[in-house]
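Chain naming follows the written order as A, B and C, and within any one chain the residues start at number 1.
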Amino acid sequence: MNMHTQPQRTPAETALIDAFGDRLSLLPGDGAVMLKRDDAIEAIKHGLPTRRIESWHYTDLRRLLNVVPDFDPAAAAKAIAPIVDGSTVLTLLNGVSSAKAPVVEGVSVQRLFEKLTDGSIAPGLDPYGSDDAIGALNTAFVADGYFVDIADGVELEKPIELQNLQAGGQTHVRLPVRVGAGAKAVIVERQAGEGAALTSSVCQLVLGEGAEVTWLIVQEQPETATHLAQFKAHIGKNAKLTLFVMNAGGRLVRQEIMVKTTGEGADFKLRGINLLAGDTHTDVTMVLDHAVPHTASTEVIRNVVTGKARGVFQGRINVHQYAQKTNAKMACNTLLLSDDGEFSTKPELEIFADDVVCGHGATVTEIDHDHLFYLMARGVDEKSARGLLVKAFVAEVIEELDDEAIVEALEARLDDWFVTHG
Amino acid sequence: MLEIKNLHARIVDDGTEIIRGLNLTVKAGEVAAIMGPNGSGKSTLSYILAGREDYEVTEGDILYNGQSILEMDPAERATSGIFLAFQYPMEIPGVATMEFLKVAMNEQRKARGEEPLKIPEFLKRVKDAAASLNMDMAMLKRPLNVGFSGGEKKRAEILQMKLLEPKLCVLDETDSGLDIDALKIVSDGVNALRAPDRAFLVITHYQRLLEHIVPDSVHVLYKGQVIKSGDKSLALDLEANGYAGVIGEAA
Amino acid sequence: MPAVQDTIDRVRKIDVDQYKYGFQTEIAVDKAPKGLSEDIIRFISAKKDEPSWMLDWRLEAYRRWLALEEPTWARVNYPKIDFQDIYYYAAPKSTPGPTSLSDVDPEILKVYEKLGIPLKEQEILAGVQKTDASELEEVSDNVYKSGRVAVDAVFDSVSVVTTFKKELAQAGVIFCSISEAIREHPELVQKYLGSVVPTSDNFYATLNSAVFTDGSFVFVPKGVRCPMELSTYFRMNEKNTGQFERTLIIAEEGAYVSYLEGCTAPQRDENQLHAAVVELVALDDAEIKYSTVQNWYPGDADGKGGIYNFVTKRGDCRGDRSKISWTQVETGSAITWKYPSCILRGDDSSGEFYSIAVSNGYQQVDSGTKMIHLGKNTSSRIISKGIAAGFSQNTYRGQVSAHRKATNARNFTNCDSLLIGDQCGAHTVPYMEAKNSTAQFEHEATTSKISEDQKFYVMQRGIPEEEAIALIVNGFVKDVIQQLPMEFAVEAQKLIGISLEGSVG
């Protein structure tokens, strides 16, 4: 008999553990996959992370995840129009992939439950570290997703849009994507739906030598949903990844970004906007590893906080000992528009190589009064003037993406948000 | 005073050979001008003379007063009397120019076995030198080169040269970024330092500077070699006809 | 270190390896048995003739401490400390009240001599009693041209002397050891002790509350501008002793005081523990400036020995328009765990933190500050310069938070790190928490190495490599050095040069 006293489980922890028992027979996977699932649920049995775990300092998951909905086989999500016309759309409706995936030359698409069943993706199910609660939750329950492979040298003309849509209950999906050497692609990850769902979503991107990818995460879950997401990427030699993250919804959201430069000349750009409203909690946590010499990264995050929203940005840049000549810059700017809102930032630098140029900046401000005055002096009323300035503050980040169709599509999403919340 | 023999040197990082068999002799009291098109190795030559570690000498030698300087570090070369006026002087935040001058001057004195300067004597020397270069003392209280304009930086270089009293002065494109008045002041400063026991290596792209600092000899550098030497008329010839003719001749 | 212009130069001449203060002084010592228990605490309290309330306070802290765990969140690694293997009380045996230098323990005088402290100042330090005021005047004039400094010297666990007491008393300033304050001014101590750092605050502060043996006490009454700099000189001497000093500084309405703290310890193979608590209280319109030059023994070239420095320093801007300013130059200790903080409680109050942390060899530094904005229109400023060399790890950890009611809170933070060599690490961990829409926080941080271009430029003027680096580093830390009182500034610059010796090549 173990004499250690188990801390009192929260209802959410109990619900997850019970659900695992109930679902076990329905989950796809060979022996290797099932072993990973077992390890994952063990991790959850040890308790969800609290603020005492440094990486969860501002998002006490144990406290905040107070409701876990049951799995709902009847939930029926519907596909939506892609943000860029003509995109190749791969849908996941309530966590289930489609049997009729569109065919694009040079791109192979496989339904993930097949790869779970045959066990071929088992190695990819390992957690990121001991505090990887999202990875554990997803590994325990993941049932489907897509495996996308873009062949070497393929340059896609149209974006691929991965739609993960829910209509309540729980969904747990995984999206491994490999982009071959010299290939070019724009990939849109849509996270949306209706209802008080719990979603976990894990993307695993590998960029081959010289590959160039723009990846957009557009998260517009309803203000009742819990959205726990992970985006992991390895950037190979001379490869370029631009990651754009837009959070404009969700009750409890944590978007983790774990990126590693694995080849010299790798380049990473992160641009993010967090539009926070209502009584919600949104956390973007990035860990960037500069693991080899001569790689560069820039990160710009802009946040707008209204209502009772709480926002978090944690960004850690690790420069490994042999990663000389690293150039890394990070900025996080927040407009706090409400006295009931809060924003916490923790931009970290962990540097073990001496020949580097690294920096970060962070600001929390209100709207610039001079700018406001200027606009009002030109006859714009205060409310509109504020709206213009706030929108300009975030639109700057979007406009940096040098693809007109994408800029337009994102600005349309931005307009939508301001119509509802502005 | 300076004898460069069959010098070959390359960039340490990528192995690119910049200096390819360069020969040059400069006597005490001589003002030698080094001219050449962009990328001919002019600035590299100045860095190698001063001992920058980014370049590696693979062949040949540099003799200064008959001694090879290849094994000396930049500070040792400086205290032996070699001075480089930088094309782009470095900004050193937080280090007051005056403080820097004092440390540098006293290092020179230490190398010569002299006592450190007393503060009043130090101040007097700096004031005199600054006045001769039309420099404001207030500028010298600011951190070294920080926020100095291009012209101010060049003047500060000449001020340092005056105060450190070197024997071999290497001026790397000292005329770049100077308006005509500043060019005059800087040139006058250099001319005032001309002495029988002091040599100058004036590196420039244009003949303009040489109207003010009249050279005893002119050497054309191309692809890491001296391809032609002559007197000051060579500079005028280059000004009138460009480098193409000289390069063609050598080819 | 009490500030003496040529102290460092003189000490450098004493050949004691890299660490220039690493000599041990043989002084007769009165020690309690090793280990910690309620009995030891009773022993300490009895030794110091403390009133019963003080003993009760200590015992309560001790009982809390038993239930606490050592914190592990800082970026420092060290073998577990055996708290039962430490002497918690060691006092030099010295006859009280010497009247001339010949009465002072010659070993203590030797320490001053090794440190290059002039004779007149040695007299002051050693507490030679001068009865005639004019004589006092003359002594002090000889000590500093730029100003006078009153010194409280703490050896191991107890304060041995405090200088200039009478003159300070004339101005109404109380400057004495905390033990004396407990006896002579119990009402002030009871009112303020633990009011900024409560006994339950953290593991080390709680330990300190239980076992602190001495430290300084400063009280500047309403409207008084303290007529001279106050300084405490800490030195750990005895083997296996912990030093647990407790400092309490109170500036009443409109008062001003500038306080300097210096520390050294002898070279030893084993690690020694230092866990101090400093509490500052500033009432309306008061200003406290607290400067530290910390040069505890950092351990040898292989990382053996050195001081574990776990310090809790906090200032409470309790009054409106009050101001607390921390300046620190940290070059010593094997492990530094230190976050001098400001609680900006009063409206329009302001806090400042200026820091230079230099680490070399196997030193580990985790230091920074907390600026807690509670009142209206409060402002804070953080300038931190970290320099890592050798195999050291240097972390800045800082928190800035604006609470709901802290309208118009302002913070500016700048932390720059410099790396010298490729075996060390520099880390920046800022926490920014805004809960008020009128807050304006600005944070910037950079990490880089000394540029080769700068180094080449300086060397081209004839300055050898090591000096060139010291010059550039001193430029890098200039903004902080300027915040120090002048005597300290010179000393601090030299210390930085010394602690970076051997970091090149």
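In the analysis below, a contact is a pair of C-beta atoms (placed from the backbone, for glycine too) under 8 Å apart; a residue touches a chain by one contact, two chains touch by 3 or more.
Please read all numbers here as calculations on a predicted model, not as lab measurements.
Should one ask which of B-C and A-C has more C-beta pairs in contact, the pair is A-C.
Among the remaining chains, the Cα-based centre furthest from that of subunit A is the centre of B.
Between the Cα centres of subunit A and subunit B there is a gap of 56 Å. Separation between the centroids of subunit B and subunit C, computed from CA atoms only, is 48 Å.
Work out the mean CA point of subunit A and of subunit C, and you get 45 Å between them.
Counting only residues that touch two or more partner chains, subunit C has none. Those residues of subunit C whose C-beta lies close enough to touch subunit B in the complex are 451-454, 456-465, 467-468, 471-472, 474-479.
Interface of subunit A with subunit C (complex): residues 54, 57, 321, 324, 334, 336-339, 341-366. Those residues of subunit C that touch subunit A in the shared complex are 73, 404, 417, 419-449.
Of all the residues in subunit B, the ones that touch subunit C in their complex are 50-54, 73-75, 77-79, 83-84, 86, 89-90, 92-95, 100, 103-104, 107-108, 111, 143-144, 160, 164.
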